[in-house]
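First chain A sits with chain B, and in the next complex the same chain sits with chain C.
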Partner chain A sequence: MLTFVGKRLVYVAPVAIGVSIVCFLLVHLAPGDPLSAILPVDATQETIEQMRAAYGFDKPLPVQYALWLWRVLQGDLGTSIATGRPVIGEVGRAVVNSLILASVATLIGFAFGTFFGFVAGYFRNSPLDRAASAIAVFGVSVPHYWLGMVMVIVFSATLGWLPPTGAGPDGSGNWRPDLAHLRHLILPAITMSVIPMGVIARTVRALVGDILSQDFVSALRAKGLGEFGVFRHVVKNAAPTALAVMGLQLGYLLGGSILIETVFAWPGTGFLLNAAIFQRDLPLLQGSILVLAMFFVLLNLAVDILQTALDPRIERG
Partner chain B sequence: MSAPVQTASLTAPALPAAAAPAPAPAFERSPGYWGHVGRKLLRDPVAIGAGLVILTIVAVAILSPWITPMDPYRGSMLRRLRPIGDPTYILGSDELGRDMLSRLMVAGRLSLFMGVTPVILAFLIGSAIGIVAGYVGGWLNTILMRTIDVFFAFPSVLLAIALSGALGAGIFNAIVSLTCVFVPQIARVAESVTTQIRQRDYVDAARLSGASSFTIVRVQVLGNVLGPIFVYATSLISVSMILASGLSFLGLGVKPPEPEWGLMLNTLRTAIYVNPLVAALPGLAIFLVSISFNLFSDGLRSAMEVKE
Partner chain C sequence: MSPETEPLVKVENLAVAFRGGVRAVDGVDLTVRRGEVVALIGESGSGKSVTLRAIMRLNPERTSRVEGRIRVAGQDVMALPKRALADFRGRTVAMIFQEPLLALDPVYTLGRQIAEAVRRHEGVSEAEARARALAMFERVRIPSPERRLDAYPHEMSGGMRQRAMIALALACRPQLLLADEPTTALDATVQIQILLLLRELQRELGLSAIFVTHDLGAAVEVADRIAVMYAGRIVEEGSARQVVLSPQHPYTVGLLKSRADGALAKGARLVTIPGSPPDLARRPPGCAFAPRCPLADEACRRDPPVVSPAPGHRAACWRVPGADAAEPAQRADAA
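What follows is the complex of A and B.
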């Protein structure tokens, strides 16, 4: 097991370096000078040169990358051009909010997804299967930002049951575990849960169908095991893959929440990215994307290791 | 898996090079195959329905400049946000008093163009990368596929938004960003299918009978891998449509006053308290196209007997 973990780590290292290169180059992909957004139009050539030197933009690219990586490894993601505050603090606050929303959404999606998936897989080609599969296709096909708008239209604008935007009643930037904040969480979390629900339902349906058609299930039934006992075996066989898909979905939601967070004005990373893009705050853009991508890489690694630990059949090579 | 394209030389023993006539591989896409797929698709009512919806929306979008009931760009300050069923505006009017039906029809052009183009480009680029990596193998495969792995470390929505955010708003930049999102995904599928095909006996047979690498890739490999890659690519169109309109929804794609479904959804967000049904219409259009492509792709997958 330890050698397996070691091998995975060796495999992840080049990917992590690649991710850091992509994030670094992102700023240089941008048209014009990264500083043009903050310098006054009538800045003298001298001021521009001073600023370029201050931010290190006057050095060759590989040197800039090495210096940048060195600072990043020490936890310094630079300073936001728009606010003048350290990027790491801004991203840290936003990641917590996003993580709360994405985790709740993943759990809701997992609960409904496995339920629909099991129903569809158990009763293949029945009307129940078709209904469950239709819900799954809906989940992967609906533009979630539109679904968010529809939710606001129905539950806030028309029925007035739930608040349409923000993380809390006071417009605060942080979510807290109380009833008022919980009310703000419901709509975005349900909207977001539709994507993992569809993906997990499709996976579980295929898994259950596969497992049920295997010989050992016939053997279990032949020896007189009740339907509930068989169900337990199916769950045990489907769990590692289903949990792995759930873990990956959490990563996708955390990185892909920008559209839903924009619709609901949720103060998370998506919201931060949106602000960074439109204020052309490139250090903030670079920092948030680096943090999100690295989180995704580590999550993939964790899922990989956990899945192997859970499922003894997977070869630890 | 599509029916293996086999050459006549399969049964021929490996003769000395001089005796072997330069094999002109009889490249016949097994005549019944596509007919078989077509017949299977026609028996699938869901796929037919989805295909018809796609065809209708594409036709309306293409013909829209000639068939819109009103000028999609001309607004009226006095007749803003009319409800659905208004005598003049069948599907209501938007926040600037422009006819929703006409705008939805014209918007389909840009939305479909921006959703489908990245997948076509990624299909071409990704297949090329994947087939080369899979066929050549060795260190080239390692370099190409490890580079691809780096892009898999980004969730696709994040990568699309990061790239178009850095490049700046615009139709061209949005298409470039989305292409970059899909190239690695298609390349990975193409690589794994090609690696499988390369180990088949009929590839060895073709090589032994003297076919050049180029010929083998053109006949044995392409003939067998393009089907599965194509099915995979069609399943990406739905995601691509949602992402492309999503970029415009964020203000990173199409710029006003040009109509596009995602952008319309964004500008109508302010109207959800006044006229919610009209505000939700553009999203319904995206949803309809996206689900139709998903259902059609599912039908195509089972008709072509491609495994996930």
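What follows is the complex of A and C.
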């Protein structure tokens, strides 16, 4: 198992380098000059050249990449052009917030998704299945920013039960595990959980249907197991795939929650990316994309390892 | 009848219909005495596996309808409540499946799967159940049994998997063993080993067994009696000798002729039965084999009578001597 983890870690290295190159180039492919955002409109050519040299934009791309990577490896993602603060701090804070939101949303989605999936899979083609499947399809297809606005209208504006925006009452953007902060988490987390709920429900339904039609389920009944005994086997057989899907969903939510974080003004990576794009804050944009991409790579690694631990058929070598 | 003379298995007029109108089994009577091995043979779709599964009520309840009477070891299987049925399965009757790789849970070790059955039926500790699993592995002669207990199904060869399946089936000392084509998925050399092992264990443990196969050679090897199924009915039944040496039903004769063992000279054509089995959703009236039968005539449009040419030997056919005098067979669906 340890050698397997070691090997998988080695495979991660080329992926990580590739990701860093893409991150670096993406920003350079984008139109517009980042300096134009901070330079006055009437800046002289001389000033512009000075600034370009100060930020290193005058050097050839490979050199820029090498310098950038070297600093990144030392934990220096540069300085935000808009705020003047180190990017690493900004991204770190946002990542923590996004991670909290995404994990809570994934857990909610996983709990409901597996429940609906098992119900639908066990009672295939019954009214129960159709109801559970309808919920799953709704979850996958509803535009979540729209759902978020509806939630705000219903639970904040009309009923006044929950705060509509922000991560906490002080507006600091630092989430803490207390009741006031928890109240801020509920609406965005539920809104966000709808997607993984739908995806996981559909996956689990297909899985359970497939597992139940296999010979070994007959064989389990033939050896005298009751419904609960069979259910335990079904769960263990469904777990590796269901967990893999959950892990990937967590990855998507970490990076792909721009819309929800914007609707709820949740100070996470999506919110940060949004701000960075509109302010042409190049170092911040680059830093956030890189961190998010690395998260995705690591998450895939974690899912791989977890799956191997759960399913003996996956090669451990 | 006293418990000693009562047969272990008595199936009367069993009919299994699936959603969509397919009558896979259509009036099967089958008796198995204690310590007896009966082989059910027939081609694919003749209803032999469905009959076997019906004895354990393993056919899917939502999509199949089962009629008739099934008594096993003094219990009315059709009337068993859920809990008693689960106790009955694995304990009184156990089953060996055709393809052990599919019939074993891929994510549990073999040892755990056997121990699970033992604990389920005997309520013993995990350690005792594992000891039983080990003893069973030794009994079915799996090499290095201690280590193999911790193996997953995919880590073993086909023959070893089937041995493990047999160990699992026999772990709770059942009285009746149902084997659904236990050697079909195996290599020819391994098939013989498994057959010999099954026969040996059956004799040692005094088991009764029903053996479903489409391999006449395998049936002769293990069975005391052979029942030949065609289109959901038993068309001929008798001792293994009777059926093989003096087959009465034209279908049995055809099956025996179409074997390719040894004597087939180079260049000689293998004798086959022309045509294919009838659609079980629309079975023709009378003898279902008539459309493929070289001896069929007008009489075969009526349900054939059951004729007994010798004690213990029965065939359902108009062409068997004495058929004209015999009573037509009684069928549940005759009305």
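Here is the rule we use: the second predicted complex is superposed on the first by the 309 of 317 C-alpha atoms of A that agree within 3 Å, B and C clash if a C-alpha of one lies under 4 Å from a C-alpha of the other, contacts with A are read in each partner's own complex, and residues count from 1 in each chain.
Heads up, the rule we're going with is that a residue touches a chain if its C-beta (ideal position, glycine included) is under 8 Å from a C-beta of that chain, and two chains touch if they have at least 3 such contacts.
All figures in this text were calculated on a predicted structure; none of them were measured in a lab.
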Next item on the list: Label the relationship between chain B and chain C on chain A in the superposed model as either fit or clash.
Entry: fit
Next item on the list: Check the residue A:I289 against both partner chains and state whether it touches chain B (first), chain C (second), both, or neither.
Entry: first
Next item on the list: Once the structures are superposed on A, label A:Y65 by its partner contacts, choosing first (chain B), second (chain C), both or neither.
Entry: neither
Check: Can A:V15 be said to touch chain B (first), chain C (second), both, or neither?
Finding: first
Next item on the list: Scan A:F4 for contacts with chain B and chain C and give back first, second, both or neither.
Entry: neither
Item checked: First (chain B), second (chain C), both or neither touched by A:A222 -> second
Next item on the list: Return first, second, both or neither, reflecting whether A:K236 touches chain B, chain C, both chains, or no partner chain.
Entry: second
Notebook entry, point to check: Least CA distance chain B-chain C after superposition, rounded to whole Å?
Noted result: 18
Notebook entry, point to check: Hey, which residues of chain A end up touching chain B in the complex?
Noted result: 14-16, 18-19, 21-22, 26-27, 29-31, 137-138, 140-147, 149-150, 152-153, 157-158, 206, 251-252, 254-256, 258-259, 262-263, 273-274, 276-278, 282, 285, 289, 292-293, 296-297, 300
Note to self: If we count contacts the way the header does, which residues on chain B are in touch with chain A in the complex?
What the structure shows: 146-147, 149-151, 153-158, 161-163, 165-168, 238, 242, 245-246, 249-252, 262, 265, 269, 272-273, 276, 279-280, 282-284, 286-287, 290-291, 294-295, 298, 308
Notebook entry, point to check: Which positions of chain C touch chain A when the two form their complex?
Noted result: 53, 56, 58, 82-83, 86-91, 94-95, 97, 99, 102-109, 116-117, 120-121, 152, 154-155, 168-169, 172
Check: Once bound in the complex, which stretches of chain A touch chain C?
Finding: 214-216, 218-226, 229, 233, 236-237, 240, 310-313
